[in-house]
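Listed next: structures, encoded as structure tokens.
Each of the next two complexes has subunit A plus one more chain, namely subunit B in the first and subunit C in the second.
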Partner chain A sequence: MLYREGATPIHRLAPEVKIAATVAITVAMVATPREAFWAFGVYALLVVALAATARIPGPWLVKRSLVETPFVLLALLMPFVGAGERIEWLGLHLSVEGLYGGFNLLVKGTLGVLVSLILAATTTTRDIIVGLDRLRCPHVLTQIATFMLRYLDVLTGEARRMHIARLARGDDPRFLWQVRGFATGVGALFLRAFERGERVYLAMLSRGYTGTLFPQSPGAGVAQWATAATVPLVTAAIAVTATIVT
Partner chain B sequence: MIPEALHISNGVLNGPVSIAYAVLAAVAIGVCVVNGRRDLEDRLVPMAGLVAAFIFAVQMLNFPVLPGVSGHLLGGALAAILVGPWVGALCVTIVITAQALFFADGGITALGPNITNMGLVSTAVAFGVTVVLLRVLPRTPAGLSISVFVAAVVSVVVASQSFVLQYALGGSTELTGGGLAGVAATMAGTHLLIGVGEGLISAATVATVARVRPDLVYALRGLKTGVAA
Partner chain C sequence: MTEASSLDVRDVRFAYPDGHRALDGVSLTVGRGERVALLGPNGAGKTTLVLHLNGILTGGEGTVTVAGLTVTKDRGTLTEIRRRVGIVFQDPDDQLFLPTVAEDVAFGPANLGLRGAELETRVNEALDAVGMREHRERIPSHLSFGQRRRVAVATVLAMRPEILVLDEPSSNLDPASRRELADILRGLPVTVLMVTHDLPYALELCDRAVILDDGRIVADAPARTLLADQDLLATHRLELPYGFSVPAI
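Presenting the complex of A and B:
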């Protein structure tokens, strides 16, 4: 996935601490009134500091934050479809409400994506599920999520084998022409993957699997929680100040 | 144009609406966990994991819907039909949460609304439509494929309109009356096209599974059908 190997202080934090901090930081940022431009500047500095601490290069962050593009386009649309008072700018009639709205969407969306990316870059997917488990996420959910991660490999493996089998039999799947093959193959892929997955599951059961994958470990101590709480606390303080000032 | 905009990002919806939907989603997931546990006997555990993995993989494939607009499948219909509405909703919920935490796709503060649209609304609608159609249409492989296809199309469009409702209730920016209607029409239009793609893939998958392993299709349980023939 997006995990980047590393041994920075952020990498070393327990996953449940990082998930809780990510959620808290995002909530505080989103709750900040949109008129408080300075607050978003400070948040941006905080995010840069976090990324630097985790040794995540800027270009990587920029490239990965492209998932947000649809909402950037929505943000650019806002000044044109927003309600209320309008101003004239370069011959365009723009809605003031829409301009604020577009800024709001752009800045909160971007900051949110960057914070989530820092979590994803410093925590393995398995650790994220362990963290959710320790945060008392219902067991059924973490169990299905664990199987999902295992079966992703099974699925891609089967897909690769089926693709090679088709090539070996003289098929030449290219962009549009492979749609038909894909449609007929997708059901077969699902069944093959399921039957492999079922064998894996039965093998796990016969080796004593009872539904708990993660041995009960103590999790993060007070010190870790205290360290990780600093950034959310700063963010919350800025959000509160911004709300009072504006 | 608004490309596939169902993974709502942070700051699109206002606080009260995000919180209300988060509470709604949490309660609904609780109900699904309780009911799903009954369904999750031995066979369904790997099935649920595979359905989640399948949807996760399929959501990463973006295909062009219109010039400049791309969409990906939601998978709600597939999940509801293969593992039932309760476990299906849990599978999609896990995929959406994983997308947000592993790939930063979809805002963390918008998880409640996102789970409501794609995890709850789309699976519930798809399952309802399938159950009704399976009783009305002839019980043949073609009848099953058509049921799945229609269920998928309807579920995707309804899910997109659920987002429009959320935006009408608490969009962070007030739009002119025409603006909201425009968003509703654009969302319905693009998602109709996404729904057709979703319907074809879901129908192809379910038809194959029903032919080879009808015992794995939850929606067929309790139906005396010729679908398996």
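Presenting the complex of A and C:
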């Protein structure tokens, strides 16, 4: 999990407030025109300030933002394959449109990933679900997420045991044509998960399940919302200014 | 039926949609505070009977009454029945489905409408009863199997049941966890119906035992008498483990 123990002001904010702020910040960043380079500089400073407040070390963030790599590769490719006017730089013919496009993708993607990582580092997965629940996210979705959280380990444990049992009987799936055992294993795992689902449901009914998993707890107060709104408001202000200026 | 009985099952018959007759006229009365072992081979109908006790399975003939309240399909009645009958299922991973121990124990009482401090008290009380309070914030998958089974018992104790129904409580437990669970169960002030084919465990915990085979109760006697009757056990595919014997009284 991405969560880092801590007691910083960001850790202490209620989860729903943090989720709303993350979404707002990301939307504002994405809405900023790509030509407003200065705006992205300010955003980067904001992200650094947030990370510092949450006491997240830089290397930790950089390592985890590697999930973005496929998009980075795409962004780097764009100046070469882009159409339209071209400029020459160090002997390379680069498309101006492609350069803008690549920059746009790279900078917005990176900032978005970093903001999400800050949320994940300061909020437990459990709290994120509680937050979504309080934000009136449909119960079905939060319930599915809760079950996933609980049963992911159980299912991976089952899959591992089945894998070991196959190996113990001489299966050695190193080549593509040996995946048959794996494929049937996936089917068996699905059936087991399905049967477990039935049993869990019976156990839930036996304890009086009526459609909600946990009682609604009181959410964040006005003060928390106001605190958390500062960064999204700054971001939005920059985005608006950038739109007007360019 | 007298006021003193926790559970009164009268002539319950049930057939699954495929025609298999799982219960063929089961009658059983369990007095308040009794600990009764329900023995029987695989496929005897034990689980089917258990699911009748709190109205998960209905539709057959006969009646089930829990401390004076008869199981019907009425929603309000069912809620109260499910509070009174606490079923602990065999696999704790089926029972514990929420991310933390405390939340899972709170699930039942919260469904009964408890909130806030009252709910908190219930949770702590139930976890204390099984000696798991210090683990309340832990994730179920990080607990040992024995600990998970104890938490599973706590999840139904939190509903303050009239009768605790345990499905194979000793399965997959190591000897120490098995003894710890026995100590806990012995100390609980509730009626217990224990479904098992672990005969020594039944003898250790229950004064009375009944044998369910082929959808019928075929024997009902003090556990010592019943388990000493080798022929009766053998007829119903029950056996004491190798090297064990219960001397006839």
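One rule holds in what follows: the second predicted complex is superposed on the first by the 226 of 246 C-alpha atoms of A that agree within 3 Å, B and C clash if a C-alpha of one lies under 4 Å from a C-alpha of the other, contacts with A are read in each partner's own complex, and residues count from 1 in each chain.
Quick note on the criterion: a contact is a pair of C-beta atoms (placed from the backbone, for glycine too) under 8 Å apart; a residue touches a chain by one contact, two chains touch by 3 or more.
All of these numbers come straight from a predicted model, not from anything done at the bench.
Engineer: Determine, under the contact definition given at the top, whether A:Phe194 touches first (subunit B), second (subunit C), both, or neither.
Structural biologist: Once the two structures are laid over each other on A, A:Phe194 reaches subunit B alone.
Engineer: For A:Trp38, select first, second, both or neither according to whether it touches subunit B, subunit C, the two together, or no partner.
Structural biologist: Neither partner.
Engineer: Check whether A:Met1 is in contact with subunit B, with subunit C, with both or with neither, and answer first, second, both or neither.
Structural biologist: Touch status of A:Met1: first partner only.
Engineer: In the superposed arrangement, does A:Arg150 touch subunit B (first), subunit C (second), both or neither?
Structural biologist: In the superposition, A:Arg150 contacts both subunit B and subunit C.
Engineer: Would you check which partner chain A:Thr184 touches, where first means subunit B only, second means subunit C only, and both and neither mean what they say?
Structural biologist: Touch partner of A:Thr184: subunit B, not subunit C.
Engineer: On the A-aligned overlay, A:Thr210 touches which partner chain: subunit B = first, subunit C = second, or both, or neither?
Structural biologist: A:Thr210 contacts subunit C only, not subunit B.
Engineer: For A:Arg126, select first, second, both or neither according to whether it touches subunit B, subunit C, the two together, or no partner.
Structural biologist: second
Engineer: Output check: A:Trp89 vs subunit B and subunit C. Expected answer is one of first, second, both, neither. What do you get?
Structural biologist: Neither subunit B nor subunit C is touched by A:Trp89.
Engineer: Counting residues of subunit A in contact, which comes out ahead: subunit B or subunit C?
Structural biologist: After superposition, B is the partner touching more of subunit A.
Engineer: Residues of subunit A that sit at the subunit B interface in one complex and at the subunit C interface in the other, please.
Structural biologist: After superposing on chain A, subunit A residues 125, 146-147, 149-151, 154, 200, 205 contact both subunit B and subunit C.
Engineer: Hey, which residues of subunit A end up touching subunit C in the complex?
Structural biologist: Its residues touching subunit C are 125-126, 146-147, 149-151, 153-154, 196, 199-200, 202-210, 213-215.
Engineer: So in the complex, the part of subunit B that touches subunit A is made up of which residues?
Structural biologist: 1-5, 7, 9-12, 15, 18, 29-30, 33, 36-37, 40, 42-43, 45-50, 52-54, 56-57, 87, 90-91, 93-95, 97-98, 100-105, 107-109, 172-176, 178-179, 182-183, 200-201, 204-209, 212-213, 216
Engineer: Please give the residue numbers of subunit C that touch subunit A in the complex, ascending.
Structural biologist: Listed in rising order, the residues of subunit C that touch subunit A are 51, 54, 56, 79, 82-83, 85-87, 89, 91, 93-100, 103, 106-108, 110-112, 115, 119, 140-141, 155-156, 159.
Engineer: Where on subunit A is subunit B touching in the complex?
Structural biologist: Touch residues, subunit A against subunit B: 1-2, 19, 22-23, 26-27, 29-31, 34, 64-65, 67-71, 73-74, 77-78, 81-84, 95, 97-98, 100-102, 104-105, 107-109, 111-114, 116-117, 119-120, 125, 128, 132, 138, 140-141, 143-152, 154-156, 183-184, 186-188, 190-191, 193-194, 197-198, 200-201, 205.
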